[in-house]
Amino acid sequence: MLFWQLLLQGIAAGAGYALIAVGFALIYSTTRTFHFAHGVTYALAAYAYYASLQTLHWHPAAAIVLAACIAVLFGVGVDALVYQPMRRTAASFLTLFAASFGVLVVAVNCLVLVFGNSFYSLSGTLSRGVEYGPFVVSLANLTEIALAAVLIPLVLVIMHRTRLGTFFRAMADNNELVEVFGFTSRRYVRLAFAIGSLCVVPAAVLAPYIGGIQPGTATVVTLVAIAATIIGGIDSIAGAALGGLLLGVAENVGIWKLSSAWKPAISFGILLLFLVLRPRGMLGARGRRA
Amino acid sequence: MCKWNRMQARGWFAGLVGGALLALAAHGAWAADKTYNFGVLFPLTGPNAVYGDVFSKGVNLAVEMVNEGHKLSRDIKPVYVDSQALPQPAVVGMNQLVHVNEVPYTLTAFSGVSKAIAPIGNRFHVIMVNGGGVSPELAIGKYFLNDIPLADQEIGVVLPYAVKGKKIRKLSVVYVDDPFGNSVNRQIQTHCPKLGCRIDPDLAVNPGNTDFQGEVAKIRAAGPDAVFIASYGQQQNVITKQLRDGGVKAQILSYSGYGVGPTLKLPEAQGAIFDHQSVSFEANALSKEFHAKYVKKYGSEPNFYVANYANAVFIFADLVQRLEAKKTSVTGEHLLAALHRQKTFDVIGGKVKFSKRGTVSVPMQINEIKDGKAEPLTVVNP
Amino acid sequence: MLAYLLNLAILLGIAVILAWSLNVLIGFAGIFSVMHAVFYGVGAYVAAQFALHVSSDFVLSTMVAMIVTGALAFLVAVPVLRVREEYFVVAAIGFQMVASTIFITWESATGGMGGLTGIPPAKVFGFELISPAAYLVLTLVCALICVLALLAVVRSPFGRALKALRDDETAAIALGKHPVKLRLIATTIGGAMAAIGGSLYAFYVSFVNPESFTLDYSVLLMAMVIIGGAGSLLGPVLGALFITVFPALLNFLQVPSSVLGPVQQIVYGMMIVLLMLFMPEGLVSAGKLISRRRK
């Protein structure tokens, strides 16, 4: 019984990870940018939602819209101010990584200065558990699963059935060729960052109701998103979603017998195993340029 | 950037910074202090700042009262350093207090912090007084004193009361995985079997962890009669909330750390039982005076934490006064010698006497949380 | 005041040794390691346990720490270095996170969050080093030994092979150099040197706990090397100087420590971003070396 309860919680957590990972994977596969600051998008959206709800007393719908705007602005902004200039100088992967990491460090610490190191959470009908027979699950968890179940297929539909998606996949395959055909990929890069950043918003808005938010969450979330993407297969968005789900379930079921202190080690342990034994991930194809 | 290369530029920059630092250092050394300074190592920020806030109120009022009394040749002055209730920043802070501010006496809190700084105080002969941490393993050296009863006493009182009164046969324990939490868990493991109750499960959580869905699921599966929460600050609030949200309806038990404002006011904490030392603000003239001034200054009632840290300040002032009378310099060693000569002090709540191990033994009060307040149920004498 | 400056100098010395040890990986061998705090931590824990249970002789404790850490670095490097370049960074971070968890949960070895306390003062030739001044001398001696070792490495055939690898990997392989073997040795050396820093730290502060060896600190070490300039001997010194002195300055100006920490990180985070944006090539050898390796 405990096992099934933990599994349920794992699926809820995995749904959140999947959303964030899908955003990261979308950005990476189309623009080849290792967007380390992706977790900051999540944290900013969560704080924006919390602050506008608690301090400014906005209506939740307005708060969600604010969170979404801030997420998109941040993602697109970092791309415009940091990544794009570096692309022009043909900066290497590691240079981009270092800069992206620098942005993560600066942003997280700005959050600490503004909000302090304390932990914020929201209480309400969403956070309270509801009993379904032997199980207890909160509405927030259920909402997260539902949103993931709807939005992730939506992203996949966009990728495979729309013109925009075709461009995205073309960029993922061969960026230079796309340019040759006269399409400026700049606009699509911006769109990729916008949509990728938007993906985290549902998880971010629900976060204060589930585990709560602290500045350090940004770093953890980024790492989990990267882990999920790599485990799923670096070029596959569906893989990233699967990877996120797998990590969520593994973490929560893993503590069935272990103490919860081991949660981060479980996720990163799985990541290390994949990196060493099967770097292409679950759904990644062999031989793709990384 | 043609004449200087990057390396040279960096070298000059480093030199400038170093020079500025030295200049400031010289200035600092030149300005001398004309007060008796003592250190205060509290969490001023972070998830446990609520305690630092409460403790500081006691310290500040006591300092005011001492300085207004004019019994010393100089004023006393607290030097506040933020420990964030974490061992590492606390060690840095303690080193600063000892080597830069050169205090002979320091107030501290939190078991993990105290354990980490104790070797420093012991090595450099600086008295440390703890009025908030309760790990029974805090009898840690000549220079370390506790004026709060430790958890062995606390658990020894609250557990029998709860087990007998609420007929608890199965107890779950959630404890923070640090020296404090581990020692409380050990105490519970010792006392429970003797009282005829079983522990299932006992769960360690990381300090700083705020997601307890896993723990709540395990506790719910075990179906205990009561859950003992051994944590502090925001974390204990989150645990309480998530327990109730997660469908656990068992009785909540805890220790003295549960008795702070935000926790008392939690709707989910309603009905929780915890104990702390019993402090009477009517015990003597000092207690009454302190109580009146506290209510006037802060508009709320003082609690045992306030009393403990105010007492630590009063004891410091008392010891300094004795040293001044004998024309002895105020150092850690001399203060400690004076303390051992004096043994008993008249403070808020009556008389306090330090055992050889640097601990105290006082009456304990058991409370139940009702509508945002701690209602006393009974007092147990040692 | 003198005590304060001595304290600062000792911490700076330890930082320099750590930065040099990381430089062996980043600057000499081109390994972008964001897990160096783990080696620092293992060195500190081993030295601390040795001092607590066997002997507080500094040389002995440090040697034991170096052997254990070096062995660990080698064992970790074997699988991790096989990982593809971009993934290596992620693997390093993953390893750091796992190690942090082990530091917290393996209580019998590390004391958990409470850490190891009351580490006895370092003993050198039978003398206990209690005064900060004496400890500074020890730190400087260690730093001197490290720099001599580094010079020896640079001038040795091994060092030349590393440089060849750095300059043009394909040519080096054509000439018969084994990149993996060379990088393994470099990682082992870097790990062992980090243990010296760990041992110095453990004896000085008399207290070690997981908070000092987190991902944040690994990134800080990496920043020291990048900002100062990888690949040279002076670079890490300048980086360590900047990153250690700046927060000390803020501390001195009575900036509260809860503001000081974030501000310090913001400053060096911005520096990394600006450096990578405007001077990635030519300023730091890492930049030169990174872009060359991409070809």
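Order of writing sets the labels: A, B and C. Residues in every chain begin at 1.
Heads up, the rule we're going with is that contacts are C-beta pairs under 8 Å (C-beta built on N, C-alpha and C of every residue); 3 or more make two chains touch, one makes a residue touch a chain.
What you see is a predicted model; the values in this text were computed from it and never measured.
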item	value
Which of B-C and A-B has more C-beta contact pairs	B-C
Of all other chains, the one whose Cα centre sits farthest from chain B	A
Euclidean distance of C-alpha centroids - chain A vs chain C, Å	31
Centre distance in Å when chain A and chain B are each reduced to the mean of their C-alpha atoms	39
Geometric centre distance via CA averages, chain C-chain B, whole Å	35
Set of chain A residues in contact with two or more other chains	116-117, 259, 261
Contacts with two or more other chains, residues of chain C listed in rising order	104, 258
Residue numbers of chain B (touch at least two other chains)	45-46, 84, 177, 206
Chain B to chain A touching residues, read off their complex	45-47, 49, 84, 177, 203-206, 208-218, 220-221, 234, 238, 241, 245-247
In the complex, chain A residues that touch chain B	1-2, 5-6, 9, 116-119, 121, 123, 127-129, 131, 136, 138, 210-212, 214, 216, 252, 255, 259-261, 263
Touching residues (chain side chain B, partner chain C) in the complex	6-7, 10-11, 13-14, 17-18, 20-22, 24-26, 28-29, 44-46, 81-82, 84, 86-89, 91-93, 95-96, 99-100, 112, 115-116, 118-120, 123, 177-179, 182, 206-207
In the complex, chain C residues that touch chain A	32, 79-80, 82-87, 89-91, 93-95, 97-98, 100-102, 104-105, 215, 219, 226, 258-259, 261-263, 265-266, 268-273, 276-277, 280-281, 286-287, 290-291, 293-294
In the complex with chain C, residue positions of chain A that touch it	34, 82, 85-86, 89, 91-99, 101-106, 108-110, 112-113, 116-117, 219, 223, 226-227, 230, 259, 261-262, 264-265, 267-269, 271-272, 275-276, 279, 290
